[in-house]
Structures are given as C-alpha cells and as structure tokens.
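Next, two complexes with subunit A in common: one pairs it with subunit B, the other with subunit C.
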Partner chain A sequence: MAQAHVANPAPTVDARTAGQRLVNQWLAHVHTAHERGQPVAYIFVMGNAVEILRSFGFELVFPEINSLQTGVRKMAPDFLAKAEDYGFSPDVCSYVKADVGLMLSDMQHPSGTRIPKPDIAIASSLCNVYIKWAEIWERHFGTPAFVLDIPGKRFATWRPLPGTAQYDADTRWVEGQLRDLIAQCERITGTKFDPDRLAEVESNVNEMIRLWVEILQLNQRRPAPYNSMLDGLTYIGVLNAWRGTPEGVEYMRLLRDEVAGKLARGEGRVAEERFRLIFSGTPCYVNMRRLVELFESHGGVFAASDYLTYAAGGLDSSGLFYDPSRPLESLAEVTTLASQLGLSNHFFSHQTLAQQVKEYGADGIVYHGIKSCRTVATSMADNREYVTSRYGLPTLYIESDLIDPRYWSDAQIKNRVDAFFEVLEQRALVKGGD
Partner chain B sequence: MLYVAGVDVGSTQAKAVVLDDEGRMVGEAILDVEMNMGTAAQQVFEKVVANANLTPDEIAFTVATGYGRYRVTFGDLQVTEISCHARGATAEFPRTRTVLDIGGQDTKAIRIGEAGEVVDFAMNDKCAAGTGRFLGAASFALELPLSELGPLALKATAPVKITTTCTVFAESEIIGHLAKGHRPEDVLAGMHYSIATRCASLVRRVGLTPEITFTGGVSRNAAMVSLLHKVLDTPLNVSAQGHFMGAIGAALYALDHARAGTRHAAALAEEVAP
Partner chain C sequence: MALEIETSLTEILARCHELSLRQRIPDDEAGMAIGYFPVYFPEEIVHAAGLRPHALYGGGNHIEVRYADARIGSFVCSICRSTTELGLNGSLKGLGGFFAQPICDAAKHMAGIWGRNFPQQDPQILALPQNVNSPASARYVYDEYQRLRGILAEKVGHEITDEAIRASVRVYNENRRLQRALYAIKRDDPARLSTVEAYLLIRAGTRLRREEHNELLRAALRLLPERRVRQMDKPRVIFLGGFCEQPPLEMIETIEDVCFIVDDDLLIGQRWITEDVPEEGDPVWALAESYIERSAASPVQYDARKRKEDVLMRMLHEAHAEATIISAAKFCEPGLDDQLAQSRWLDQQDIPYLVLEFEEKMTSFEQMAMQVETFAESLLFE
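After this line comes the complex of A and B, so read on.
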C-alpha cells in the first residue's frame, strides 16, 4: 500500500537552529544529569577519550566551553574577578580563572545551567594547564581526576609514524592507560565495559568526521559559504558536545547539505569576497563577532582556520578514522596520532598551514596570540617566519585574549586590521603590475 | 596650482602638511592633542592651510592618518599610519627597505618591498614600553623638556641599566637611580638604551633589511639615533621632517588621488544627497 501523502511537511530546519537546539538540549541534559542518576565527566576538548565515556553513558561537561560561554555571553569579567579576588594572578589562563569563578559561584553558569560536580575528570598532556586545572577540581569537588599521558610531542624534528617500534610503544602506552580508565569507569558506573557500544560510538564519530572533512573542503571553493571563525565556532561546539552520537551525525549531514546548497547557489559569507584568509590560533570569544566584522568590512573572509582543522579530540580533518572492528586499539592509535599533529605540537603546524594556503587559495594568514596563554602563541613566530619567507604571504599578528575583554583594544586592533588590508591591496597591485 | 593636505592625528600630537602639485612641502603645522581629537584635527588643518598662505577651499584632496584618522571629518580618505610612514620614508629615501617609526604610544617596524609597497609590519602590543611615552615618563621625572633629553643623554659616561619595561614604573625607577646618586645623563642614557633595544627587537621581527629609515617624533632625538645605529649595527636615514613623515605620506596619497581626479568626499556626498 502506498504511503499516505503528507500534506503539510514539517519545515526544514536550518543548521543554525538545529545547532542551537542541540546545544540547549545538551545543557539541559547536563543540568539534570545527577537527578536522572547519570554519571558526569569533565573533559577537555583535546585528548579526552570521549568515546569511552560516551560508551559508559556519561553526561559530558566541557569546562573550556563553560568558560568560553561566559565570554560569548559578556559575563566573563564577573567570573574572572571572582578568581582574581580569590588570589589568582591576571596572567593565569582566563579559561581556568572563569572556571574557578564558576566554582566560587556555586557552579551557576550564565547559560542558566547549574553545572553538576564531576564523577570523574579526564585531563591529558596535550595542554600543560589541563593537569593543574584537573587537580583543582580534584581538590574542590573531592572527585577523581584521570590523567591521560599522550606522548604526542617527542622531538622537534621527528615524530614516530605507524610501522616504527616507537609508534608501537607509544600506542601500547596509551592503550594501557585507556584500559585503566575503563576500569575506573566500571567502578564509578557499576556497569561493565561494552566494546560493541564503543565500536558504535566510534562508527558515529567516523561518520561525523567524514562529513566534517567535507564541510571544511567545501569552503575551499569561492565564494566561501561560511566564515570559519564565526559560523565555524558554532559548528565545532556541536561537534564537541554531540561527538559519537546519532544526533551529531544528523546535524553534520544537515550542515553539509546546507553548506553545499549555499555553494551551489553562489551564496558567499560576504557580499563581495575580496580576500581569502586563514586564521591561526584560538578565538577571542569575547569579541569574535567584532573581529570578524572588521575583516569582513574589507571583504576578507576566514575561509579556513587551524582551530577548525584541529577541532575536537586533537585532529579531525586529516582523515584519521577509527577501526570499529578493534575499537580500543584503534582509539589508542588515533589518539596518539592526533595528538602528535594537534595544536600542542608546534613543530609541525606550519606544514599543515602551508598546505591550507594552497588548498584554500589564501591571500594571507592572521595569527591571534592569547595574552593569558603564552604556550599557544609560542610557535607563531617560527610559523610566521616560515610562511612569509617561503611563500611571501602577508601575515598579521594580533593579540587579545580568549575571554578577558581587558586585553581587547578596539582602536589598536582596527588599526592593525586596516593596515593589513592596505598591505593586501598593495600586494595585489604590485602582483597585478608584474 | 594644485594643493593637497596630509593630516596625521596621533595619540599625543596632530601634524599636518600641505604639498603642491610637484610634491613640495609648502606648509606644516603641529599641535598637541588634548581632549578632542576632532578639534585638534580641525585646528591643525586650519593652521597648516594658513601657514601655506592658502584657504581650505584651495586644498584639492586631504588624506587623514594616525589613530584619530576617523575623527578628521573633513578628510577625503583615511589611510593607516603604517602605509603613510612607509610612503613618506620611501619618497625621501627611495632605497628604504625598513622603516622604524617611534611615536607617542606606538612603535612600528615596517618592511618595504622592491616597489615601495608595505610587505610586513610589527607594532608594540598592549604596552607602551619602547615608545615616545617612555621618554615622556623620563621628562616628567627629571622635570626636563623632551627636546633636552637626547642632548643630555649623549653626555653620559656611566649609563645605568633600566630594568623595568613598564612606562609607569619607569618613573619610580628613575627617581630611585637619582636617589642613589646617579647623574641624570646616565639615567637618561639608560632609558634611551632600553627603548632602543625594544625597538631593535621589533625591527628584527620584520627582518632588518637596509636601508633603514627612522621616522616619527623621536627621530629628532640624537641620542636615540646614535643608540639605534649601535644596537642595529647599521646607520639610519633620518629626515629633517621625520616628525611629519606620516602626514607627508598621507599628503602623497592625497596627491595621487588629486592627480587622478578623485573627487572630494564632501563634493560626492553633496551630489548623492537627495
């Protein structure tokens, strides 16, 4: 029998609405996790073994996202002040300080969510602040912190690749730790580890990453359908919060279709795309809209960014996929490889950047240094020197912070951005005259 | 005869020049910027036009530069001081490949390409150490006018080492050194050295390529010129008009537009007005 005709099909939901819905849904789940008897894990966006936690049914809290959200919602100063009044130096990572401010505010987040305390926190060696931060939770909440030691950064000139004895040793080292984590999760949840469930989560991640790579590649075409440092930040939020879930896969598919549709219709992010740029570094969440506006007023669009390239879990755009037929071993391998190439490894990021310059047809690169994180800016000098001397590509270095508005000077930033576009214009004239 | 103006409204001073159609300077003016950048811009423009024995109507095109460039409501176009200093420096010293501009609160190192275009630039960020403001702190602490700092520093025999990089704390460090019995010229030499090393670092960041041209108000300071020569190990071009280099560059951009027949922004606005 033929299916009944649907007279009034539900209107198609756009990716922005769907993304917002998913973020709200995730926050609501977090808010009620303990009431529903669901365990809670605090995790970072890089090197977090989220697939294992997801397989055990943990509700996931990303303290970095909590902190950046205080910036997006223009509430960061209140939380930063609480931490500084308590005695934290203004130089300490503003994400950490906003989180300490949250702890001192009885975990009442400006989103309206009361963040539950963790049953376990996972820190990794991918950022040197993560471990100290997790120790604060351990002391504050009296709950365990698990440190995942990922040997991503081994030498400045060489990294162990598959097929080498060092790589085998590294992955075994990570796998052993994942087994310890599983044992700890079993104790906390009272449930036995289910490798099939892990494989299912990994299959979902694989599909999300496949679509994510496609979405990133669609922005290689002109005009770029989205700005990787504005629209892209919403995309990556959903990618993190719903990683490994059917909802996450569905969202990525919707997003891919939407971006492809814009491309097919020739709808660019900016009305007249004049310069295609790459953004390197972490965003200034408190002023990102303003920063993007400064660039877009000159017809400059961030077609790509290493923030989206390295995305969740370390590196999601390089074609690293799980093998769900051997879920745990595969998780160890991908985690190790992703970490080697992730943001923490500043000795190789220039190669990825140089590749992106070609793929995205970039006219310039913008580096954003973070005042409260010197680590993330350490590689920028070398990186800049490389792309400038090797490719003669104009670059701009600007500095502010992740969420601390005290480090944002609008006149200074505007001056630099205006001058950068004058450089791009002059370069185009000189090249045109050759 | 065609005349154009360049107005450079900086953080501490507003400078303006008028050029004729041969690019010769026929007027210059300078004023301290106080509360209102827009007023300072208007006043310095009126002054430079008067100094050139002209009326504002005779100025065919005006380019504004400096932090206050958007406050120059009578300007036809805004160009950043990075491009303007580069333009001014290469006009006077065509072999310039690096420009160092030390201004009131900004120091800029600019790399110039073969065609005279800006290739790269670096500026001080979030901190006024290594800028003219650092000398302002010394001027205040020593109760000496800015113009006397350089000549006095050149008389130093045992320069002290200034350790602070904070412009605010520099003042108390100066007072501390004086209290310990150091001579003002030795303290001043230390201050100059501190600025020179920070500026040299900025220059190296864009890649020091001779010739290097030193612009901005601090280029009038002989001690700074001498110390920069020493720390960069290369001589620096210094123009007698170095203080006006931003305004000169702006006026040269104005001349391009005037020659190309670009219309006044005000005239265009009148035309499109309903």
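After this line comes the complex of A and C, so read on.
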C-alpha cells in the first residue's frame, strides 16, 4: 500500500481546474490540427500504440471520448437517432452509433470542436467492435484501418514469463506489427522514425503511470479521497489525452499531491464513508452522477474500478514500465503484457475482482452490465455467480448503457441499489455483533 | 433406379440430420472430443492427435434454456447462450477440451464462462489473429498452432509428429475437395442439391471422424448426378449471415421454397481453407500459411484484401446470382454492421436484396415466408 505523500501546502491550481484546462487545450489542438499541418490519428483507449503516434507528432482523436461526451452533454439521443435512421441496429454499440451520428453531422461535435478526418486509424483487437468501427471509417473517410492484433490472456491464470517461448512468440508478433505501423507512419508524415523521441515519450508515460499507480493505491486508505467512478473518470480522460507528454506528467503529479493531501487531512469523498465498493464495468455516462449519488446517499463509495485499468491503457496492472534504452522492443513487450495482465481481463476477471476486494477493504462488488459493451458485460452475471458462491461476497448486478438514456430505468435501479444496501447493512450489523 | 437413388440419398440425409442435432458426446468418445466455438479451428492438429474435433454450433431451436439466462447478459446472441446452456445442462460433459476464439467480444467470454464452470475441460482461447496483413502474421499463427499442438500432445501423452499432421492434412484436403464439389453442384445445378441438403451433409462432419465424413460425402456425390431432377424457375440468390450462429433449418427451407440459394456463408468455418493445404514441408506452417493465404471471409475477421462489399460482389458474380439475402443473428454486432454496409452497397449497385434477422431459437416462419415470397416475386416479375 502506498504511503500518503506529503502534499504541497497550497497548490496554485487544483487538479480539477488543471484537468479541465488540459481537456480544452487538447480539443482546441484537435480542432486546428489539419490547419496547422499536423496529421491526425483516430485511436481507442485500449491497445493504441500512442507512444509511436506521439513520437511522429500525430494529434490524437479518441472516438470513444467523443461519443461519451455526447452522453455527458445530454446530446447522445440526437446522434444515436441519426445513426439508427441511417440503418444501424438498436443492438449495435451506442459509442459506434454516436460516432456515426457525428459523421452524419459533418463532424461537428457538441463540445464545439470540429473533429478532423483521420490520416490513420488504429483499431486493436482488444475490443472487436473497434475493428468494425474502423471499417466504418474506411468506408466513410477512405482511411485504411491499421488493425493491431494484441493477443490477450488465453485463460484465467495465464501469465507468460519473459524468457519463455510463449512470451517471445507473442511479443515478436506485436513487435512485427509495430514495425509495420512505423513504416506506415513514415509514409504518412514523410518523417523518419526517431527512437530517441519514442524513448522520451516512454519516459513520460513511465512517470505518469508511476504516479497513477500511486493515486490508485491511495484510495486503498480510508476514507477514500475520491470516487473511482466519478472523479476517476476525469482522471483517466486527461491521462489518455495527454499520455506521454510533460503536461500529462505535471497533471498526474498535481493530482497525486491533491489526493495525498486529502488523505492526510482525512477528507473522504463521502462525508461518512460506511461502505467501500468495487465497481466492475463501464460507466453510464448519461446518468453517472445519478448512479454515484444512489450509492453515496447510503455512504457507499467506489474505492476502485476495473474500468480505471482497462480504459487507461492497462499499464497499472502489474507494475509495467518501459525500458527507454530499447524503446521499440520494450513497447512491444509492455503492450503485450498490458493486454494479457490488464486489458483482456474482462473475460476472466473473477480472481482480480476478489483480489481488489482485499486490497481496497471493500464490502462488495457492483457489476454494471452494458448493453452496448459485450467486451465487458457478456458474462458478468456468470462472474457474479462465481464470486458470490466462491468468496461469499455481496454483489449487485444492474444493467443500463454507456450513453443511451433509453436503457436507464431510474426507479428499478434505485430499488436494486437500496436492496443491496439493506444486505450490506445487515451484514455490518451481524459483523458488529460478532 | 431413380427411386433407389432417392431412397439412398434420403437415408444419408436422415443420418446427417440426426448427427446435426446430436449435442451429447457419445460415451465412447468421452474425453476425446475437443470442443471449439466458431468460426474456424485447425482441426487437422486435433485429428493428428487421435482426438475428434467437435464444432459447437449452439443448441438450435431444440433446447430449452433453463440455466444460461441467469449467466449471460440479456443483450447477447443465442449461440453463446445456448452453448452455455449445453454446458450447464450436462450435454457437453464429455468434452476433453474447449477452445473459444477472439472472433467477437461475446465469444471471448466463452472461455471465461467455461473456466469458471468446467475447469476440468482445460478451456482457453486459441488466439487467432485479427491482423492477417502483416508479414509477421503467418509466423504468429504458426506459433499459436504449435501451442495448440503442445496442449494436445500433453493431453494424449505422446508427441504429435509432423507425419501424423501431414496425414491429417491429406484427409482434410480430400474433405475440402468433396465439399467444394458439393458447392459446385449447388451452384451449377441447384435443383439437384438444395442448400439444406448441402448444409446437412457438411454439418454432419462436425460429429464424425473426418475419414468417415469423407466416405459419407463420396457416397452422396456418387448418387447426386443420377438423381432425377425437376427443373424449376426460381431466382438465384446468395445467402449471408450463417458464419457463426446458425439460422434454423426451417428458415433456409423457407427461402428455398421460392429461391435457389446458389452460394452462402453457412458453416463457413468448415470451409474456411479454400484450396488444398500443401502436403509437403512443415505441416504446421502449411496450415498457418493457408489460414492467411487460402482462406474465406467473414464479418468477424478483418482482412484488408477482402473488403466485405468486394467479397459479396465476387460471390454474386461467380454464382451468377441476381440477388442477395443478407441475414444477421440477433445481437450479432459484426453481422449487423456488415449487413448495413452491404445493403447500402447493393443499393448503390442497384442489386436487389432482402434483409432478415434470425435467432437460432426461432420456431415461427410464417411472416418470414411472406417476406421472402414477396421478394422472390419481385425478382421474377421485375
């Protein structure tokens, strides 16, 4: 467990303000990228080879963030309707449909940003919808997809060790593809790959991840200084958009100091923390504040969430750091390991969730099944059954969607949350009486 | 003579039908059947180990889902649900192994579900790549196939030799040739062999040793040229949407009542390798390289050389088809995405098409029959 870092007494800018500024700055950069002659890459939050793109000077567009922003800004229904009118099935991922809605809106995003067309689009195999999504871009923009296949875990206890033939096979495969990607970036930008620049980006990522892991671990303490599924969502937004940059490092340092300061002062996210919970699944961006409120009104805080691992690149999974002295080889190794230890964990997450319960002193797990996201949610109910029967943990399963408000049923979810807390209260009572 | 031929064919097809419905692993195969989830699996390596590959194509519309609904999200396709049901209701307890593949996000979960519920079957993912366009692809597939070879060798307790795999490749090459011959008849003379019949003949192979399946196909192919055929005037169409979850047979019959399906992607994993696999050299490399270079297409594999619209146009052209039925399984995101892309493409090309959605558990086809009849009439009288 991390020790609370002694914070600077009075930082001039709080992390929230700094984060907002960085997000605005990033969107402004995106808006003007082509005017400034900067190439644009469309990438996803899992398995994106951002380090290579950054080293070539690409401006980064995260279509998942564009889509979730339509939800946060309560504009998703307009975009979803456009995609469904175009012919997309209600059963297709709502992120994809919001993005199609954006394409059909001449790329005019509700944030005020006009999203530029991609010069390159990278879809990793960590979510198969990424690949289908990239095929849509191929048709719409004429930009060929670069599919980065990153082999994940083959089974729950899969742990390839450096030096084994299996480790070599998987990392050799990823490295081969990264070399293909470099060649493609060279063609697009007309510049030669610079390993020193890649090493520099990796050093920044290392520092960001070191701080990020510290921030995650600080929430193992009581009371939890932040809510993983509210504050944490802002944190990873900045982490993704500024990954590998000095600004990103500075932000993470400011954030770490702020979180550590709260901890040192005993300031919890909720006034009276009564229950600590693990959240498994993706957020419901149209109603996340409401969802969190339903839990916090009972004194429940989401101390941790697997979302903060897989939506932030997975590098926090097992102390993974780049070796900038061999930047490309190390990128291949860490990308593969991040996939196998963190990003492909959805399919086998029962053990890591149980582990998180221990590390964070949690009282239970909340599973949030998402209609849009089969990557995360397909077998959650089975996972829950296993965790409940094997470890005797209280669990709750609720369903809604990432950004489609049609799948949010407030009364039903409230009833289930209330009933879950009755169970937790009952257990606390029994425990207290022992 | 004609009656005898028809009787023999009927007997073969009845056997195929019985095999296609068979879900339980026979007692004498307990532990020897290696289950795999669609689409493609390098069966030759399993065969060379002396084991029997057991393709899992869900429960069809003949099982009642009692347990799986409580284990799988409400937004997940039927094949994942019914396969889980077959596990939970004990039908698949005789499997000696279980492999899922990263064809889609739901399918990847099957390895996790299996691991939590049936760990004794050593369930895992065979990580076939989604990038087949890199110079490094074949080597990666080769490495993954060698991993599979190692797992199976450990299971049977002896090495799986190159010669054994080469022998299996020869058996499977024969099978591929026979399957291609079936599809050629269906394409060139569709009144002689219906799609339902071709489907049953091919699906039977998922429950037999491949040598036995070869015999069965040879027998059918001997009889088919002698079959008495009544020529009919029906539009020639392509059927798409059967690459993973299988549409109910009644749905195919409904379409065939009024159309000839002259090409399709039904059970495409059984026909994934489109030419003979080289029988010389390293057989595992030959299989890996064939996966990359001599393979079909489906919505769940990205290949920059096989744009979905181009694949469809080639199928239409080669089968001399005039229209397409583009189907997708309910909740199948890759299928639904391609369905839209292809239908918009066909609009641009002014090629008629009909969009249908199915679920394996469907039992009522009246409404679909009406849609298909109207479509066929529009083609005939256009």
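Everything that follows uses one rule, which is that the second predicted complex is superposed on the first by the 400 of 434 C-alpha atoms of A that agree within 3 Å, B and C clash if a C-alpha of one lies under 4 Å from a C-alpha of the other, contacts with A are read in each partner's own complex, and residues count from 1 in each chain.
Operating definition for what follows: contacts are C-beta pairs under 8 Å (C-beta built on N, C-alpha and C of every residue); 3 or more make two chains touch, one makes a residue touch a chain.
Treat the numbers as computed from the prediction; the structure is a model and nothing was measured.
When both complexes are superposed on subunit A, subunit B and subunit C sit side by side without a clash. Of the two partner chains placed by the overlay, only subunit B lies in contact with A:Gln426; subunit C stays clear of it. After overlaying the two complexes on the shared chain, residue contacts for A:Asn383 are found with subunit C alone; subunit B is out of touch.
Once the two complexes are overlaid on the shared chain, A:His298 sits clear of subunit B and of subunit C alike.
In the superposition on chain A, A:Glu399 contacts both subunit B and subunit C.
By the touch criterion defined above, A:His350 reaches subunit C but does not reach subunit B.
By the touch criterion defined above, A:Arg253 lies against neither subunit B nor subunit C after alignment on the C-alpha atoms of chain A. Set against each other, subunit B and subunit C touch different numbers of residues in subunit A, with C touching more.
In the superposed pair of complexes, A:Arg139 makes contact with subunit C only, with no contact to subunit B. In the superposed pair of complexes, A:Arg221 makes contact with neither subunit B nor subunit C. Once the two complexes are overlaid on the shared chain, A:Lys371 sits against subunit B and subunit C alike.
Closest CA pair between subunit B and subunit C after superposition: 5 Å apart. Residues 371, 381, 399 of subunit A lie at the contact with subunit B in one complex and at the contact with subunit C in the other.
Of all residues in subunit B, only 67, 78-83, 113, 115, 117-123, 125-126, 205 touch subunit A in the complex they form.
On subunit C, the positions that touch subunit A within their shared complex are 70-76, 80, 84, 102-106, 108-109, 111-113, 115-117, 122-127, 129-131, 133-136, 139-140, 143-144, 147, 299-300, 302, 304, 307-308, 328, 330-331, 333-334, 336-341, 343-344. Per the touch definition, subunit A reaches subunit B in the complex via residues 371, 381, 388, 392, 394-395, 397, 399, 407, 409, 411-412, 415-416, 418-419, 422-423, 426-427, 429-430, 433.
Residues of subunit A touching subunit C in their complex: 86-89, 91-93, 96, 123, 125, 127-129, 131-132, 134-136, 138-139, 144-145, 147-149, 151-156, 158, 165-166, 169-170, 172-173, 175-177, 180, 344, 346-350, 369, 371, 373-375, 377-383, 385-386, 399.
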